[in-house]
Amino acid sequence: MSTIVPFGPQHPVLPEPLHLKLVLEDEIVKEALPTLGYVHRGLETLASIRDMDQMVQIVERVCGICSCIHAHTYCMCVEGMMGIEVPQRADFLRIIWSELHRMHSHMLWLGLLADALGMESLFMHVWRLRERVMDVAEATAGNRVIISVNKIGGVRRNMSPDQLRWIVQVVDELETELDKIKSVLTNDYTVKKRTVGKGVLTYQQAYELGAAGPQLRGSGVAQDMRMTGYSAYKYIDFAPVVEKDGDSWARTMVRFRELYQSIDIVRQLIAKIPDGEIAVKVKGKPSGEIVCRSEQPRGELMYYVKASGDKYLDRVRIRTPTFANVPPLLAMLPGCEMADVTVIALSIDPCISCTER
Amino acid sequence: MEIKTIVYVILAIILAPIAGGLLSRIDRRLTAWFQGRFGPPILQPFYDVIKLLGKDRQVVNYWQIFCVHIYLVAAILCVALFAMQGDLLMIFFVMTIGAVFMVAGAMAAPSPYSQLGAQRELIQMLTYEPLLVIVFVGIYFVTGSFKIDEILAYDRPIFLLLPLLYLVLTFALTIKLRKSPFDISASHHAHQELVRGVLTEYSGPYLAILEIAHWYDIVLILAICSLFWSTSFIGMVILLAVTYLAEIVIDNVTPRMTWKWMLTYVWAVGISLSFFNMALLYAKNF
Amino acid sequence: MLVPQMLGISIVLPFIAAVLCLINVPPLRSMLVIGTGVVVSLASLVLVQGGAFSLSPESIFGINPDGLIAVLDFALLFVILGISYQLKSKLVATLTILQLVPLAFLELFMKPGENMGPALYGDQFSMIMCMVISIIGSLICVYGLAYMKEHEHHLKLTASRQGRFFFFMILFLGAMNGLVFANNLLWLYFFWEVTTFCSFMLIKHDDTEVAVTNATRALWMNMLGGVAFVFGMILFRSQGLPLSLQEIITAESASKLVLLPIGLLCFAGFTKAAQLPFQSWLCGAMVAPTPVSALLHSSTMVKAGVYLVVRLAPAFAGTLFSTYVALFGAFTFLAAAVLALSQSNGKKILAYSTISNLGMIVACAGINTPAAMSAAILLIVFHAISKGLMFLCVGTIEQKIGSRDIEDMRGLMGVMPKTAMVAVVGIVTMFLPPFGALLSKWMAVEASAHLPLVVLMLAMGSALTMVFWGRWLGLIMTSVVPEKGLQAEEQSSLIRVPLVFLATSAIIISFVAPGLYSAMVLPVLERFYSADLYVAAQGMISNNIGMFALYPVFVILALGVIYAARVSSAKGFFKRGSYVTPYVCGLQDPTDSRRLGFKGPLGVWADFKTTNYYMENLIGETRISSWINLVAVGILIILLAGVF
Amino acid sequence: MGFFKDLLHKSRMKSPWLIHFDCGSCNGCDIEILACLTPVYDVERFGILNIGNPKHADILVVSGTVNYRNAKALKNIYDQMPEPKAVIAIGACGTSGGVFREAYNVLGGVDKVIPVDVYVPGCPAKPEAIIDGVVLALEKLKERQPAKETEPLVADLKKAREFYENREDRQVTG
Amino acid sequence: MLDMTATVVRNFLTKTHTRLYPFKVREVFDNVRGNLDNNIEECILCGMCQKKCPSQCITVDKEAKIWEVDPYACVYCGICVDNCPTNCLFMHKEYRKPAKVKESNQMLQLKGPEKKKKATE
Amino acid sequence: MAFETKNLTKNQLVGEVLALKNQGYRLVTMSCVDLGESFDLLYHFDRETQLVHLRLTLPKGEVAPSISGVYFAALLIENETRDHFGVIFDGLVLDFGGNFYLEEEVKKYPFCKVTVGKSETAGEGA
């Protein structure tokens, strides 16, 4: 005796077009099977008709939420193959934007989680705070979401000292605002009732199923690609945020604490940012193979690029964090309640557009 | 029947949806303010309903239409019976007609969301119905009658004697208003895993009818709340205003819970509160 | 007014007709069954005209009736003893001997006939019972004619065993009629044992292994009641009371000493009414052909149990025992509702719902106020009608779709629209206002308002009832809009007539409930209670604490139904609107708009499928039955200990 | 009658309920649509609700490029909305396919599948632009206008496939 | 259980945070990438923008002196602006308004750029 | 910045992957590149942010061994590769059969430089 429920691609709580076929018994999930492909565009193939500069704009649109990290990682690949040294200021600026993206992404996610929990006011509140970061993006980069600041060899826009000061002011404000809602996540009986113990992923599972990012750290694995010190991270002090429990609440806490971490990193960056050029001239065509990794809000991003000195790159391969987080999600769903499906799905912060590219 | 009663009944039938609509609008505006937003215009709920009435008819299964009309009739009947100052328990049972037919209508549609919504709606009924009966029994305990005219004739605010039972009644109110943490079977906006639960397969005019019936329902249950301070008009208004405001705040500060939690929590808390209140009453009497 | 004759028709005629049924000429049997039904029903109606009576037949066919009954009693017990030998059941044998010996003792040494009032007594309560038995029972027997033909066809029987079947069915009616009119407890006891025996034979009818086991269980549980009955009689005699029912309930000396035998008789009633922890025999009776279940559940057998308890209620009014009975009944009501919730087997739901309703009746007897007693008597009537109807529906549906699982009844509206409509009427009259069953429930809740624990259990139980009926109601309607309206449904009139008759009477009798109350219930109550009686006037039933505005609700809802039916009729709708598929996140089959389901992972089509929540893991039958029984036994022990 | 008609028209203008379908967007446009609902833009001021269910919605807001798989879902959802209804295509992707126009699994815009009433350009479209777009779409809702003709989905898919197959070799398939 | 209460009450008591958009238009930040435009008189129709555009939405027809952009395929990245040798391309601060019909932004050059042509070469 | 890869044959692959798993490596992903006559399958593994790469050069038309039995997560990647390149994996735990991302309307393996019709090759995986 079972109920079969389609979940997505068009579903009000799951904003992303992912389809899950749920087999339920008294609302307990017995089986969950996914269908992907509702966002698949095949943009990796565009590398064969767009040159490497144009590809910067294209990979940026793999996903709009942490767009600049895609462009950044792609640029690192090409720069790596061509042996280009990016000016230090450009590295710092790239990371400032990345961290701002991480902040807006985490807040966006927190809002969506609140919405899945049915807590509309928290959704509204967090998204309102998020608009502050969006304003920063718009003022510094010229666009709210897809900021298009990276280019091969550096960045396209500089930040004035005034702007940097303003950013510090904004993140300070954000910190006080976050303090005010902290107890909702850490203490609230109802919120914890919906998240604690829901969708438990053990250390072992997280490790073996290849989880990434907050999903991995929520299960106690202290792995954060920023520790590799790419770009300007080598100049910054921070330690990965880790929670032990591996449930939805732990993942929530990881992201929430990472908001504070990002605020701290932005402050450090702005304190240390050097003056100087923001880009170098690029000449020639790359060749060879390269792998670059970076940390997105959702976890590890990996680019594999192959080139042979041609006008077009041979292959651009993108491994996104959600792609890695789907198998753990499928492992977490059976046995949970139907009401928790959305919560658990959102606790991995799914980003299907980058999963399918 | 006296002329006065007939006038009351007609007034109630006309005014209830208007009051329900206005309440729903106040609700939305206040919710918006609690969320730091501006909120919808004054007549929004009426615009919504009129628009829905003007949309094309679509149907998944025509039993649904039958059921939704019965729901409306039952809801109007309840309000009319209340205005006639009938028997509380009878009104309650008539109310279940509406609720059952809403569920039956949702189940008539072969849609997973609507069906699961119906199941949850049933569980909600299971949750609040005993509580309502207990509340009515409590009122009977104090006033010695189930008949509204005799309850109104009681000379002290019942609230003072049954504060905890009033709290129990607000559980039922929250469920009926479809508010967090109990908005599990249907919600105002589709932000839940069941899309819009029992409402999913109703569209256009039929959705409008449901909405109007829901307004009647809300007015009825608020009217029952008002019995708790029936001695003075001001007391009644204050009680209702405070109750409704509390509902909105609770809606905004709690996530939606699961049906298992709802059933166990509400039954446990509701029943113990009722017994506590009863014990207090006994203690006072002896 | 012809009372003896009519009584003769009600009680003796079925016994004779039953024997004639054994003649294996199907057309003759059909005529016999229909004829007996009609005559018995008419007799019951005629009886009602006459008002209360008491009567002691001088002789039956020239034999001293007391002697005849005594002889038949022993004969029956020996037959059962023989059966117990056949079944190799020591339990049944022991219980039979436990009756035989004390009964012999009673007959021989305790002068059972002393101070005996009339052997037969009939008041409006008996007459209501008689009508229920005669009319509903006969309808079920008529239905049985068509059903059994199909049934034996399904089982591929070569030699028909319908003779035996109808023998017991008709016999049952006679025994029940005897039971409700008997005033002499010994007579009552005899009819009591006949029903036990008949039910055993009917449950066993198919002679499968399960059938035999379940029948045996039914037998021993009812024999347990029989033992209590016999000991109760002995105790009455030992206190010098006559074995007259009326004498006992009107005895002013309702001292503590009399309570014990009354308690024993109530216990006998509980077993027969399948109260917890004896519910298992009634559920086991499901293996019998559906007309048997219908008969046992609606108009006979279990009703005998509650009849006895309700009859005795005035005798223990105002005692602590009474309160415990209320508690016990309320618990049965609640627990059986919980069990019903966990079932998807349609007949089991009906069975548990019966037990639950009987619990409510017992609780009413325990509450023991006039309001509660009205509730009890009315509920007996309305429950019998609707439940009989529901069983016949399930039987009909099962013969068509081959399943009694309610999950398989999804979309019944599209498959057998007429029967589905009747089933909807059956369900709605079971639990929704303004119909009689709910009217009684309303009375019961208001009557119990002064007993917090009882009212709580009644409230929770009635909410559960709402759930399991509500979802059944809903899923019958689940279907797509048929392309060219509903098809006509073929059905034998032997099936159609009882169904339609019961369905209409369920509605009409609910409508005339106020009249029924004034004419039939009030006179009974007035004998024992003076204050707080309900008054039925202008279609309203009211007393000092509550009022049920039956006619306004009835009329407005009827208008509502007509209006709703008009706007939602298939023809009317297609003129104004269009058909769409359900919302499945955009994954419908674009080529076939009426195909229900969605295209799932791997491109595999997933058909639409949902189920109700039965919460098997939480409240499954096997999971909680033993706990429930434990509690019930506990209450029962307290209850019986209280009367010592 | 005129009064009721005016009232109905006014109500339609005042109560557009949205359904949003992500038809292969990069999320940039999706989050901007969501941002409209949040306090800073708060479209509930205009009675706009994100209703999430096609059967209740008046306006279908689509972001993304539309690919072979979600085109069918898109069509289904559009068909389930009762008239009067309007469609808004959001962003470069929704209006034309944007940067992804030439990717192999991209049909290139919502209007390839269902009739579109309003095009909102941008990458992503700004919340202000989305609000403007809804306001523009209201005109269609007010007086029900016949839907624009589009070819049936299947034909469109065929055409798109031909387009894809006839591209030069170096493009995409090498 | 009521940890959110403080926040919602604060929201209730403070002014709403809503930008009353069409009625009050906020000031746009400098350097925002809005609608793409061409100062067509300055354009030398060199085709650089067409070549560099990642979305391939610019068409330059030197013969017909037509410069055309499809604003519905343009992703407002500003690459063309960065690469235009004459700086005749620029982006407005305002976004492009929604429309009921897609129209491409076609510009016909009536008179060519003056001396500047040489300077940039 | 080229990186070190360990070249393997088809038969060695699963054993080597298992060995890596036992050493505590996690699968990051697999990349497939069309080399004209053959495919390069690159497996990327990670342990404490250090990467190890395996390379399997697979002539077109041959069936690759699936590592989804070792790493469950490889399932998505292998299905994706099947969609894009038409490489068939032997022993895939859940095989979407080339319809992981793509609908039937897409008839070619989009990432292959030599265009091959999908339907003719479904069986052999060329």
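When the chains are written out, they are named A, B, C, D, E and F in that same order, and each has its own residue count from 1.
In this section, a contact is a pair of C-beta atoms (placed from the backbone, for glycine too) under 8 Å apart; a residue touches a chain by one contact, two chains touch by 3 or more.
These numbers were taken from a predicted model, which means no experiment stands behind them.
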| item | value |
| --- | --- |
| Joint neighbours of chain F and chain C, given as chain labels | A, D |
| Chain nearest the overall C-alpha centroid of the shown protein atoms | B |
| Chain located farthest away, centre of chain F as origin (C-alpha) | C |
| More contacts between chains, C-D or D-E | D-E |
| Approximate Å spacing (C-alpha centroids) for the pair chain B, chain F | 58 |
| Rounded Å distance, chain E centre to chain F centre (Cα mean) | 42 |
| Computed distance of Cα centres, chain E from chain A, in Å | 27 |
| Centre distance in Å when chain A and chain F are each reduced to the mean of their C-alpha atoms | 26 |
| Multi-partner residues of chain A (each touching 2 or more other chains) | 3-4, 6-7, 9-13, 27, 37, 40, 42, 45, 57-58, 61, 119, 121, 124-125, 128, 146, 190-191 |
| Residues of chain F touching at least two other chains | 34, 99, 101-103, 110 |
| In chain D, residues with contacts to at least two other chains | 21, 38-40, 42, 45, 50-55, 67, 69, 72-73, 77, 80, 98-99, 102, 104-105, 123, 126, 172, 174 |
| Chain contact topology (line, ring, star, complete or other) | other |
| Chains that touch, pairwise | A-B, A-C, A-D, A-E, A-F, B-C, B-D, B-E, C-D, C-F, D-E, D-F |
| Chain A - residues contacting chain E, complex | 50, 53-58, 61, 119, 121-122, 125, 128, 135, 138-139, 142-143, 146, 148, 156-157, 180-181, 183-184, 187-191 |
| Of chain A, residues touching chain D in the complex | 9-13, 15-17, 37-43, 45-46, 48-49, 57-58, 61-65, 67, 108, 111, 123-125, 127-128, 130-131, 134, 144-146, 351, 353 |
| Touching residues (chain side chain D, partner chain B) in the complex | 7-8, 10-12, 14-15, 17, 38-39, 42, 44-45, 47, 49-53, 55-56, 58, 80, 82-84 |
| Residues of chain D touching chain A in the complex | 19-32, 34-35, 38-40, 50-54, 64-65, 67, 69-70, 73, 77, 98-100, 102-106, 123-124, 126, 170-172, 174 |
| Of all residues in chain B, those that touch chain C in their complex | 56-67, 69-70, 72-74, 77, 80-81, 84, 86-87, 89-90, 93-94, 96-97, 99-100, 103-116, 118-119, 122-123, 125-127, 129-130, 133-134, 137, 140-141, 144-147, 195, 200-201, 203, 267, 271, 274-275, 278 |
